[in-house]
Amino acid sequence: MRYIADLREGEQVQEHYLCVNKQVLKTRAGKTYYSLKLQDKTGVVDAKIWDLNDGINDFNEHEYIKIDALVITFQNSIQLNIRRLRKSSEGEYDPREYIPVSNRDIGEMYEELLVYVHAIENKYLSTLVKKFFIEDRDFISIFKSHTAAKTMHHSYLGGLLEHTLCVLNMCEFLANQYTMINKDILYTAALFHDVGKMNELSAFPIIEYTDPGQLLGHIVITIEWISDEIRQIVGFPDALGNMVKHCILAHHGELEYGSPKKPQTIEALALHFADNCDAKLRTFTDLLEGSEVEGNWLGFQRIFDSNVRRTKF
Amino acid sequence: MRYIADLREGEQVQEHYLCVNKQVLKTRAGKTYYSLKLQDKTGVVDAKIWDLNDGINDFNEHEYIKIDALVITFQNSIQLNIRRLRKSSEGEYDPREYIPVSNRDIGEMYEELLVYVHAIENKYLSTLVKKFFIEDRDFISIFKSHTAAKTMHHSYLGGLLEHTLCVLNMCEFLANQYTMINKDILYTAALFHDVGKMNELSAFPIIEYTDPGQLLGHIVITIEWISDEIRQIVGFPDALGNMVKHCILAHHGELEYGSPKKPQTIEALALHFADNCDAKLRTFTDLLEGSEVEGNWLGFQRIFDSNVRRTKF
Amino acid sequence: MRYIADLREGEQVQEHYLCVNKQVLKTRAGKTYYSLKLQDKTGVVDAKIWDLNDGINDFNEHEYIKIDALVITFQNSIQLNIRRLRKSSEGEYDPREYIPVSNRDIGEMYEELLVYVHAIENKYLSTLVKKFFIEDRDFISIFKSHTAAKTMHHSYLGGLLEHTLCVLNMCEFLANQYTMINKDILYTAALFHDVGKMNELSAFPIIEYTDPGQLLGHIVITIEWISDEIRQIVGFPDALGNMVKHCILAHHGELEYGSPKKPQTIEALALHFADNCDAKLRTFTDLLEGSEVEGNWLGFQRIFDSNVRRTKF
Amino acid sequence: MRYIADLREGEQVQEHYLCVNKQVLKTRAGKTYYSLKLQDKTGVVDAKIWDLNDGINDFNEHEYIKIDALVITFQNSIQLNIRRLRKSSEGEYDPREYIPVSNRDIGEMYEELLVYVHAIENKYLSTLVKKFFIEDRDFISIFKSHTAAKTMHHSYLGGLLEHTLCVLNMCEFLANQYTMINKDILYTAALFHDVGKMNELSAFPIIEYTDPGQLLGHIVITIEWISDEIRQIVGFPDALGNMVKHCILAHHGELEYGSPKKPQTIEALALHFADNCDAKLRTFTDLLEGSEVEGNWLGFQRIFDSNVRRTKF
Amino acid sequence: MRYIADLREGEQVQEHYLCVNKQVLKTRAGKTYYSLKLQDKTGVVDAKIWDLNDGINDFNEHEYIKIDALVITFQNSIQLNIRRLRKSSEGEYDPREYIPVSNRDIGEMYEELLVYVHAIENKYLSTLVKKFFIEDRDFISIFKSHTAAKTMHHSYLGGLLEHTLCVLNMCEFLANQYTMINKDILYTAALFHDVGKMNELSAFPIIEYTDPGQLLGHIVITIEWISDEIRQIVGFPDALGNMVKHCILAHHGELEYGSPKKPQTIEALALHFADNCDAKLRTFTDLLEGSEVEGNWLGFQRIFDSNVRRTKF
Amino acid sequence: MRYIADLREGEQVQEHYLCVNKQVLKTRAGKTYYSLKLQDKTGVVDAKIWDLNDGINDFNEHEYIKIDALVITFQNSIQLNIRRLRKSSEGEYDPREYIPVSNRDIGEMYEELLVYVHAIENKYLSTLVKKFFIEDRDFISIFKSHTAAKTMHHSYLGGLLEHTLCVLNMCEFLANQYTMINKDILYTAALFHDVGKMNELSAFPIIEYTDPGQLLGHIVITIEWISDEIRQIVGFPDALGNMVKHCILAHHGELEYGSPKKPQTIEALALHFADNCDAKLRTFTDLLEGSEVEGNWLGFQRIFDSNVRRTKF
């Protein structure tokens, strides 16, 4: 594959890219042209279609397209002049070339996650989690491939699964250290805590906040989902359901971070710590691995409200 | 009725009171006795049962009881020495003697509220609100008699109805002034905005936060209720449902006040203003009417973060 | 009139515009030239005067000028090359073409406002408001045409009047709903609450914070004005004056928003709600009407500390 | 004089005290009696008048009274049983025995203050300050004896004068160190900065916030006073007046401390530092001198948001 | 042993207690007496010595004393009238009866901690930690028995050791999960992070903030200690030392919690999480185990800024 | 010298400049070139070395270099095309031409500072300050030439000395006004309060935060230095040392400004005021002197969180 990062002025390129933005504009002279942004996992590039001739087939934003274009430079940046264009067919391209994917094997991670699913002994909670994580193929399929965030930690295919698994690992550690913790409640809440992101963030290839994501947020979406299922499990104790829901509602830890309740049970507190700890240490790791800054200091990082340093001495 | 505020040392009293607290204690000498708090709408009084003889029937906290007692003074306060006690039967007492009730007629207020129910033109929203406010007798019955708060504004029988009606009045005013507002969405959201309090606060006679109230809060409880009904209305547009839910989620106005989302639509903003305005001006009115302080200044009021003054000159 | 938004490359334009910025600069070669910004109600455009010949008459920033210029493009923007220029004479241009004006008729609005002036029964307050709103022609003239803000809600000719009227409407609604409110005090305070803006913001055509506006602010300016008049009304009760002044001082609601006192009376609280409610809902309306963003989400809005959505479903 | 701190059980006392609180109560038996609080500079004591006979003359709260009483103990505290009582006549008592007075000589301090008055060279400012500090006998008389605070630093007769003088001393130091400072403006603003307290706090013997004090605050009261005088000085430049007023408005330094403007000029900043520095270091000094705690640590002090330590090693 | 919680009116008690407070007072009649507070692990009791006869030997606050006293009741509380008193000799009492001790065996915990000491591979860090945790007998002895807090989590003998060990356990977990973490730095910082508490809090039996504790705080005290040792280790890299010190300085996570720096390295962030997580979950555990409240809700807890609930359903 | 601010297009320049940034880049064609930033006290200019021929000698960032270059313009800015380049030798350039220097004579200022050193009477404190300010030549030399800040007040050669002296002046004033202040402690703390900046900020010519500066901060660095010296002075009372250290730790006044302790002694409070007052008034002075804005208003200043005005009327 011809990656965007490797394009050079003057070459002619035929390749599939993801069209992440399409604008229909007019020149001063009144002629219509298209201005596009094309993406693969190595970067984004501007492209123009000046001549809307027969070689330019119909296509939409957020679709994969096959282009035939000349690489030029404009104001010190690479730009593509597209001469021919058609939609790509499924199978012609590998989505993994277009956004980052978890380094870990998704199947293996899901196996590890199922260990926690099966570890839940309370019959009501066991029924609840199995309805989603074992019986619901659509849910499982999306859960496995979703991202955990728009721009931060775990913003890649499989990120939601990877984050959920890391949170579960820390929950297990905490439940072993602080034995007042009810493992069944904590594991259940950890499994579900971010599933609402499957509806809050649009799926690959374009990660954007959805309408329900902005209006309700992933916490409330999650509550709606499990609330509905709980209602259908005969005999599910109200208090038990409320304790799981409370953990999910409170997992951001503070009202100002969007949790409508502060943690009031030890499981809610433990889930908040596990979630926060994984999010922050993963982000820090990504920073350390991804930064191209030379020297030890990587500059001010808003999420840490601080400059950040490599560990070198 | 012999009101608590009128009891005098030395008299013998036979009356029904509400037992709001019951503790089983032991004297230093090891003898069991009961320490109670009894309430009517004029106040609260301590009572003791030193001698657990046959005249003392079984009873529980939060029940109405008929007592026969001697009024004494202990450390400058009135106290009752109970000799005989039994549970009251329904009909022997009038609950309105035991907690405050709205000054306005509940039936009339409900009629006014129904005007707003019928004013909603969108068929999906109309179906939704009628399911609750017209078809569901249990819901209506509790809604009419519930309180809107534990200790603040509208903390009396019918308070929830009165507050909801006042909020609707202001919503109508705002929708007429600012015509971008969608009346159907605003009225629907206003009707539902505090119904979760019916589960957040225990019903009369004892207004306390319930378990779901503390773990989930009335905002999330409300969402669960209407979410469930919306799911059952065929063809209800997702976006429409989300906009109503958003108004409810955001009606506290700020994350730190327990709303998991800030107002993002003009209806959500209008509902927040109407709710806040009624809550604060009603509380101020109650303060002005209820304060026994002489002089113009009523002292520091936490809710207003300020000293507060009567309007006199 | 030839509007700025409609100018096209290559045309020759003769028109009156408002000069909102004038800089005297030198080319590298040492020759003096002028760089101007011209404005009408449709936009702003850069203009240059490269040749300071006899055709270029004297003029100042913030004046109306008649120009004869060629329209060119520079770095993808329209620019004017001015060949001839003179000051416009009054009458040659209509100020309403240069800044936005209230959609509502100013005379009608003032009539509506006078209803509130006449509704005030207390003789001292009635005397006070009439001194300004009925007897003082200069005050009335400026009040009618002033803006209520620099960049936000009601930032147009007549905006101060329109905002004041809307606040009075809501004050009337609130006074009817919450009958502890003293209408005379509330109307008086509402009428005056923002009049200091007539000195805080410079008048049309250039809305800028003035020196006293920055050093004292409109709240203190207002206090100085009415304090002076009250002193001259024989028998005006001190406490009554203080209560009106307090409403004005406290109408921003919080110390951190520039009110030196928090609302301590019910009228002060009501005025704060009415002012805040109108400011925010008007701004939201302007956003919805004015935004050119396609789609439902209008982007992050600082005043609401949130993304904002149209009401569509 | 027989000080309250020295009263002993069993003695009969005839003395003048200040009555700071008077309540008319009824015994359980229905008989009227008075409960008083009496004060001198050494403390406060409860007193009762059980028998309202002919020996008890008319008197009011906040008056000096001559009593004849028996000292008893009740619940481990001293209490007075008053048998005879009359109002004290002026001259029978020395007010300085009843509240604390500045340690420094008030006349001398005023002389020092006048040096600053005379140091102001600008003719308008000079005229302004002399109108108050030299020509207005009533103003001078109250200014000399007023307190600077209700319970904090300088809460004694002459405290306002002493605080103003200390602030002026520091202003002089700062103006010499930072020569961009305009001495005339700074001295004028410093002289006036707290004079509004003469109306914000009631005069000796009872220091309470007054009605205008609570509704307007001393900052706004001060502005009203000098605004009125400035208006009467022919030719007084607006900008000069605004700069003095700005220093006064901004001298609390932050909006949340009740200044409607933050310091925007170097004089406003300097005045804020001088005021804050004197208030805090004087309070700290009073704490160190007045605390009866043994050991080095004086306990948590709200004004410093910290525990506080003596300087000993 | 006769525990304070079991004392009954009328009995004569001879027992050793810890005197935590001793005041020398005078009766109204002028006679000197002592008022004491005595403590064992079951509670605190007031005691009086009215008669300072020969049976009352010399003693000081914070010493163990043997008393012979009569148990009486005064205002509904138990009180001791002491007739005879002498200092206890070491060996006559078991300190563990007087304050809480860790449930876990101190020797075993220290063994576990040494595993981490020996796991540090970097020779400079290894030298540094061994100087304290292996070679310095005084340090080890105090470290083993010190408390980790005054009133919160781990406020018992061995609490500092137990907290440090739990923090190390979590550090190990985190270092295994997030492999960018440098284990040597993290373990070193975790071992030292709270050792300054040995000087910040006075040792058993009276846990109070010391003078250096209040003036400098345990973070700065720790830095002084290790800074001094590092200076004496030849070749210790500056940057390495700074990274360890930084973790310690930043372990409170936020400036407002007393850390002069925010976490800037991944080890600093990990240490902060481990410390915070153990402190909070331990406190929650203590609450759940220690609360005597019946029912599920334990009331508002300041540390969690929330009401707190048992996990029951 | 040919200053950067005076360079004109077309001229050939041979001059010494300070190279503050050096990047090695590649053209699209793959050819290596250098992009530099050169500085003198009048400004900064971009420079390119397109042709790495024999005339270009070795050099590093942060060195003085002698260049031979052509002045061109690129995108409206001046740029240098360097043809020949060599390192400057010491003596060829005067460092004072490259960064700002204090206006005051450094030797004189140091003499004034020594007066405070000699005024300290306590023998331990006297020994301590003399070890640094009289005996340690290296310390004195750096102290005299260091800057007090990166970009704010006193950011010039001698700035640390000048700031320290101004703080001492105010400390002297305060100690004379508030006589509870211990002059010896205050002077000692003032002398040392910012010396850690000598290690926090790199020395001239490049003022950057150093590694220890970012990891530890100047407050902790200062503590390490004096802690080490105090340990070596026989008999130095612990409490005395702690009180000096406390003043230094607390001199930022608030935890959120990086002080790990709030001021708890009167000397700590006085030092905080003196430091803050000098920093702010000096910055304000610099603004007034340095601003090139015409008119009275200098625009929003982040340090004052406000717009700022010249004192003109």
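The chains carry the letters A, B, C, D, E and F, assigned in the order they are written, with residues numbered from 1 in each.
Please note the rule applied: contacts are C-beta pairs under 8 Å (C-beta built on N, C-alpha and C of every residue); 3 or more make two chains touch, one makes a residue touch a chain.
On a predicted model such as this, the values are computed, not experimentally measured, just so you know.
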item	value
Shared chain contacts [chain A and chain C, defined touch]	B, F
Same-residue or different-residue interface between chain A and chain E, half as cut-off	same
For chain B paired with chain E, centre-to-centre distance based on mean C-alpha positions, whole Å	45
Whole-Å gap between the CA centroids of chain A and chain D	63
Where chain B touches two or more other chains at once, by residue number	211, 214-215, 239, 242-243, 264, 307, 309
Interchain contacts (touch definition) - all pairs	A-B, A-C, A-E, A-F, B-C, B-D, B-E, C-D, C-F, D-E, D-F, E-F
Chain F residues touching chain E - in the complex, by the definition given at the top	211-212, 214-217, 219-220, 223-224, 227-228, 231, 238-239, 242-243, 245-246, 249, 255-261, 264
Touching residues (chain side chain C, partner chain A) in the complex	9, 73, 296-297, 307, 309
Contacting residues of chain C [partner chain B, same complex]	166, 169-170, 173-174, 177-178, 180-182, 185, 237, 239-240, 242-243, 262-267, 269-270, 273, 276-277, 280-282, 284-285, 288-289, 304-313
Complex contacts: residues of chain C adjacent to chain F	28, 211, 214-215
